[in-house]
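Some structures are shown below for you to check.
Each of the two complexes below includes subunit A, the first together with subunit B, the second together with subunit C.
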Partner chain A sequence: MSYSQEVNEPALKINKAVQKKRFTKKKLIPYLFILPSFLFIMGFLFYPIAMVFYYSVQHYDISAPYYNRFAGLENFVQIFTQDKLFFPSLLNSLKWVVSEVGLQLVFGMILALLLNQTFKFRGMIRAVAFVPWAISGVLASVMWSLMFNEHMGVLNDLLMKIGLINEPMAFLANTSTAFGAVVIAELWRGIPFFAITLLAGLQSIPNELYEAARVDGANRWKTFIYVTLPQLKNTIILTTLLRVVWEFNNVDLLFNLTGGGPAHSTTTLTMYIAELAVHGSNFGYGSALTVISFGILLVFAILYLRLSRYEKE
Partner chain B sequence: MFSKNKKVDRLLTFYLPLTMMLSFTIFPVYWTLNTAFKPEGDIVQRPLQYLPINPTVENFAMAWNNVGFAVFMKNSLIVGISTVVVVLICSTLSGYALARFEFKGKRAFLLMLLCTQFIPRSMMIIPLFVIFKNLGLISNPLALIITYTAIEIPFTTILMSGFIKNVPKELEEAALIDGCTKLQSLRFVVFPLLLPGIVATAVFTFIYTWNEFLIALMLTNQQSKFTLPVGLSTMMGEFNVNYGALAAGSIIALVPAVILFAYAQKHLVNGMGGAVKG
Partner chain C sequence: MFGKKWGIKWRQSVVLGTLAAGMVLAGCNGEEETSSKSSAGTSSSGSDEAATITFWDENAGPQRTPIWEELIKRFEEENPKIDVEYVGLPKDSAKSKLDAAIAADDMPDVGSVQTSWLPEFSIREALLPLDDYYENSELNGLINQGALDFNKEIVQGNALYGIPYTQNLDVLWVRPDWFEEAGVKIPETWDEFFTAVEKMTDKANNRYGYTIRGGAGGSFQLQRLMFAYNGFEEYVTEDGKSTLNDPKNVEFVEKYLSLYETYTPKSDITNGYKEMIAGFDTGVVAMVQHNIGSYGEHKKALEENQFQAIPLPKTEDGKYVAEGGNTIGLSIFKSTENPDAAWKFVEFINSAESQSYWNEQVGQIPTNADVIKEDWIQNSPHIQTAFAVYDDPNTILYKPPFYLPDYRSILDNLVDSGTQAVMSGESTAQEFLDEWAKAIEDSQKQYSEHFGK
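Here is the complex of A and B:
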């Protein structure tokens, strides 16, 4: 007995060492796989965000670097007490997000319900209906600026033909129409996103539910309210939340169609920050504004998920 | 009588609203095309021409040669294709790890990916400018490639892990039993089944880079390095806008994105559904 033990023990040890080595090597593989992604995300998503927080408590002006210093909460105090653009732009952001997400949800839902039916050339028509999703904000701005234009715009021509207006209007240069005009252009680009996600949701609703509703004698409207909507609840909550964040931050059309004007009537908070960043140099101040908008979005996201009872019946 | 009612009903609740929504979608594209094919004098002519009376391609030649769209297109292609390659490599690896391995920190990594979806892109323009200025990469396509890769990786990782989960693990194991090496089983079994997912991910990434505006504007200050959106935006902001060339340039920028989208949109609906449902 003792003889065999003596012989076997070293062999066992070697075996264990090999096993252990293999084990740790195998254990490392998933980490190696996620490493490149992890580094990109840390270095170029999280690190920049951390920098924003750091700069927000600094006087940081790239055109006057000698005066850079720690500023404490001075930027924030200035924003809340002296900045004449902050509260109006915040209000514009609210108007922008509510009208965009609300209208996109309604029209996206209508489009999804239509495209979910059976009809000829469905695949092709779906593709056409979704195309604006693939078109950039700048491109959409060009297209709509051609239509809104005072001198050569087709919209003026059409409205004059049906007698709604008597002379051409400069939709984008008028404080009473500019905001609405950009909202419509952005709506054009935004509806397909909702339609795509809602259509995906609609396709996963079991047909039996509709049959049961029909047996119970429910009409179209009742079926929609009591069958379709509850089934789509989680999709709607998540899509609208993502979209609120997205629209809050989206300035492509505002930047290119109106540039925040006329008279700041289309300056949202993000548009304000973009202006400061692109044309200004006071990055500390811009960062403080960014931190505030980040805070607003974070609080909103948490409240929204709580209040909407996401993933709960 | 009954069937006639049904037809009217179908007309009012289906064909009419669908036609209206499609017209709203198509009209701006049509009008841009219409403008692009008109000679410059005809564009501002009244009454407006709803079809170009003297169709011409001079606007396209102008946009391509004189305004610089050939250069913008080249820049956009360099940034787009490079980003797609890097994103595909990174997200296939991390997607595979998420789909096939159990490891400590997996949930934390997933949570991190989800958190990034709430990071406002516009928040990053100031720090990104400072980072790339310090690295000496302003007006260098590398700055955009790196940034876009970082922004796209979280979503594409989730997308890829979903596609990889759909490939049955048993197939992979069967290949190993049949004498394939691990790499061979990935190459000859998993990869072909994954191809539609990879294509969808690539298209999704490419369209994003093709269309992104604010970051490209912030990180580029030489006209010779402009991507298409920045070039178009600059042209729009000029004092004397050449509308014909602007419209033609838009069509040039539009075509690649729309073709790719039309090709991959079916996968996108499925992929999005998967991603939204979790």
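Here is the complex of A and C:
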């Protein structure tokens, strides 16, 4: 209200036409300023998203355009009734997201608490601790595939020296170990993200709270439970939400380390979509699967924010 | 409490949630537009005028790219007015890049196209028929007629869409020195093969009789071995049934995949081309199935007397079997603005001199009759092995259904992982082959309904 009053007061002295013109111009200018961003967002975010919804109700395969046609809900019906890979890959996604986000949060928290202490070379050690986050997915995959290697991998060497195994294991080539192996690799890469954000959160907690807790006689554990955790609540909610979405969509390590195999034991829903769309060029069916994952994440995100009472005391 | 404030909070959650979930959609849409580098074609079609043509290689890499660059250099020296732009596509993604280019109507002028892609590309009307060009060319009569006929036979309308410049054959690469040392016969039949795999395994010394390609591309290996074993000519019968789950194939797959772990390395289940060849070239396995095209790599890693190409074992009634259409050719894409210049390039690559250069470097079979007489062919034992198979009148050439648009994706997505499921004991050979056969039959049914064929 105050904005329009300010604008209109001097205008009262000039005639109505000019006043109106100026008024519209003034009103328009802010919109013109946001127009470029608006167009970019429309063009690069909403248009592709809308196209995914459009293709999900089409049979659209670029390698067989002669079969392309409107499909209605056929793709969805097929996914839920005939697709043998949909539910197993969804289950893999669930396992992947829960284990990754859960473990990354716990280890990230431990790392952040350690790095928040005062000690010698703290700056340097902080920098080193964040290195995995800066390493590209492809590079990390190469490193881990070498470490997991059956013939020359350092892991086999160590495990054999300790005496835990008698002969080398092909970690990534065994249906019972492949998933766990990739989880460990991704965990290594994901911990620093939580550590960074939680460390930032820790540093913004006022020292007075800790002092008050000490005066009240709280020990370290109680301080953590009653001061640190509640103060970090919003950071934790937001980082876990972001991480859930990222991990759900994450394919780089899976793609490079196992390619979804062996025998689909590491095929997550996103990996399955990538296979279908990239290798199979079946964009219609892939889009339908994508719409379903969108729905899953949407419902999850809303419920998570509601139930966790984000930004509420 | 469920008043306005609650509503605003609820809406905030919805907006935040939508944004978060939206990332999945925005992320998914990236691949569609990957490849297409624009096809050049700057001037008019007359062959005497300056023209730029784009050439896409479907198997670029440190081995083949320099060969193409050399040939293009020679071509440009001979035709100073034609400029050839080389675009190298990695083998694994070449097909999807061409698919995208065709869908976007942004194709190259000339492409190196695998014969198995021709039916699909021709149905999509992406290629220029080359019958007239070939008839009036000096190449007429020189290129392997069988290969040309095959190319025509598999496409709708029976036009000539690709001039094959190289031919390949699946073989077994074996270590003759180890066989001799162990006193084991180099296998000619399937029984001998299975015995040799067993006898050549010496786990204590980290030696295995064989290596299975369980990872990417493993489906092709399995398919070719299955047909070499069963001797079938048909992949899909007249009535639309597939021969894939025939009891003979079940018997073979059971026997063959049970070699895994007992006589082959454990990591075989995820073996791609590189790992499989590395197993042979580093002296871990005694036999590996691949084609004569890996000659160059064995030559680099091993001594002359340490590797030898032998035909795949014969069927029970003593016949060789090979997959038809194991050639790669040059095709001209319909959208070209310089068809004459493009043809000149196709003609040049298929000339005796260029074909000889290309095939000698790669170690494959040329299709130009003038090259066959050259010394290097006569002195290449692996190419002689291939001739022994192709020239044998009893050799069976079976035809996979290249025309089915999802033939390739069935192999990549269903068969590769199905093989792994059998290897890891999660599924039986029968279940796996039934599933494969059903996928092919469904695809055949859809194709027949659409094209009435």
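FYI, the second predicted complex is superposed on the first by the 276 of 313 C-alpha atoms of A that agree within 3 Å, B and C clash if a C-alpha of one lies under 4 Å from a C-alpha of the other, contacts with A are read in each partner's own complex, and residues count from 1 in each chain.
Definition applied: a residue touches a chain if its C-beta (ideal position, glycine included) is under 8 Å from a C-beta of that chain, and two chains touch if they have at least 3 such contacts.
Please read all numbers here as calculations on a predicted model, not as lab measurements.
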Partner chain in contact with A:Leu172 - subunit B first, subunit C second, else both or neither: second
Subunit B versus subunit C as contact partner of A:Asp61, first or second or both or neither: second
Touching partner for A:Gly123 - first (subunit B), second (subunit C), both, neither: first
First (subunit B), second (subunit C), both or neither touched by A:Phe40: first
Comparing the two partners subunit B and subunit C, which touches a greater set of residues in subunit A: B
First (subunit B), second (subunit C), both or neither touched by A:Gly280: second
Partner chain in contact with A:Ala71 - subunit B first, subunit C second, else both or neither: neither
Touching partner for A:Ala301 - first (subunit B), second (subunit C), both, neither: both
Touching partner for A:Leu105 - first (subunit B), second (subunit C), both, neither: neither
Touched partner set for A:Phe248, first subunit B, second subunit C, both or neither: both
Those residues of subunit A which subunit B touches in one complex and subunit C touches in the other: 44-45, 48-49, 51-52, 62, 151, 242, 245, 248-249, 259, 270, 273-274, 277-278, 283, 286-287, 290, 293-294, 297-298, 301
Touching residues (chain side subunit A, partner subunit B) in the complex: 27, 29-31, 33-34, 36-38, 40-41, 43-45, 47-49, 51-52, 55, 62, 107, 110-111, 114, 117, 119, 123, 125-147, 149, 151-152, 154, 157, 188, 191, 196-197, 199-201, 203-204, 220, 234-235, 238-239, 242, 245, 248-252, 255-256, 259, 270, 273-274, 277-278, 283, 286-287, 290, 293-294, 297-298, 301
Of all residues in subunit C, those that touch subunit A in their complex: 9-10, 12-14, 16-18, 20-29, 31-32, 95-96, 99-100, 102-103, 120, 123-124, 214-216, 265-270, 405-406, 408-409, 412-413, 416-418, 420-421, 423-424, 426-427, 446, 450
In the complex, subunit B residues that touch subunit A: 13-14, 17-18, 21-22, 24-29, 31-32, 35, 43-44, 47-48, 50, 89-91, 93-94, 96-98, 101, 103, 105-106, 109, 112-113, 116-131, 146-147, 149-151, 153-154, 157, 207, 210-214, 217-218, 228-230, 232-233, 236-237, 243, 246-247, 249-250, 253-254, 257-258, 260-262, 265-266, 268-270, 272-273, 276-277
Subunit A - residues contacting subunit C, complex: 44-45, 48-49, 51-52, 61-67, 150-151, 169-170, 172-175, 241-242, 245-246, 248-249, 258-264, 267, 270, 273-283, 286-287, 290-291, 293-295, 297-302, 304-306, 310
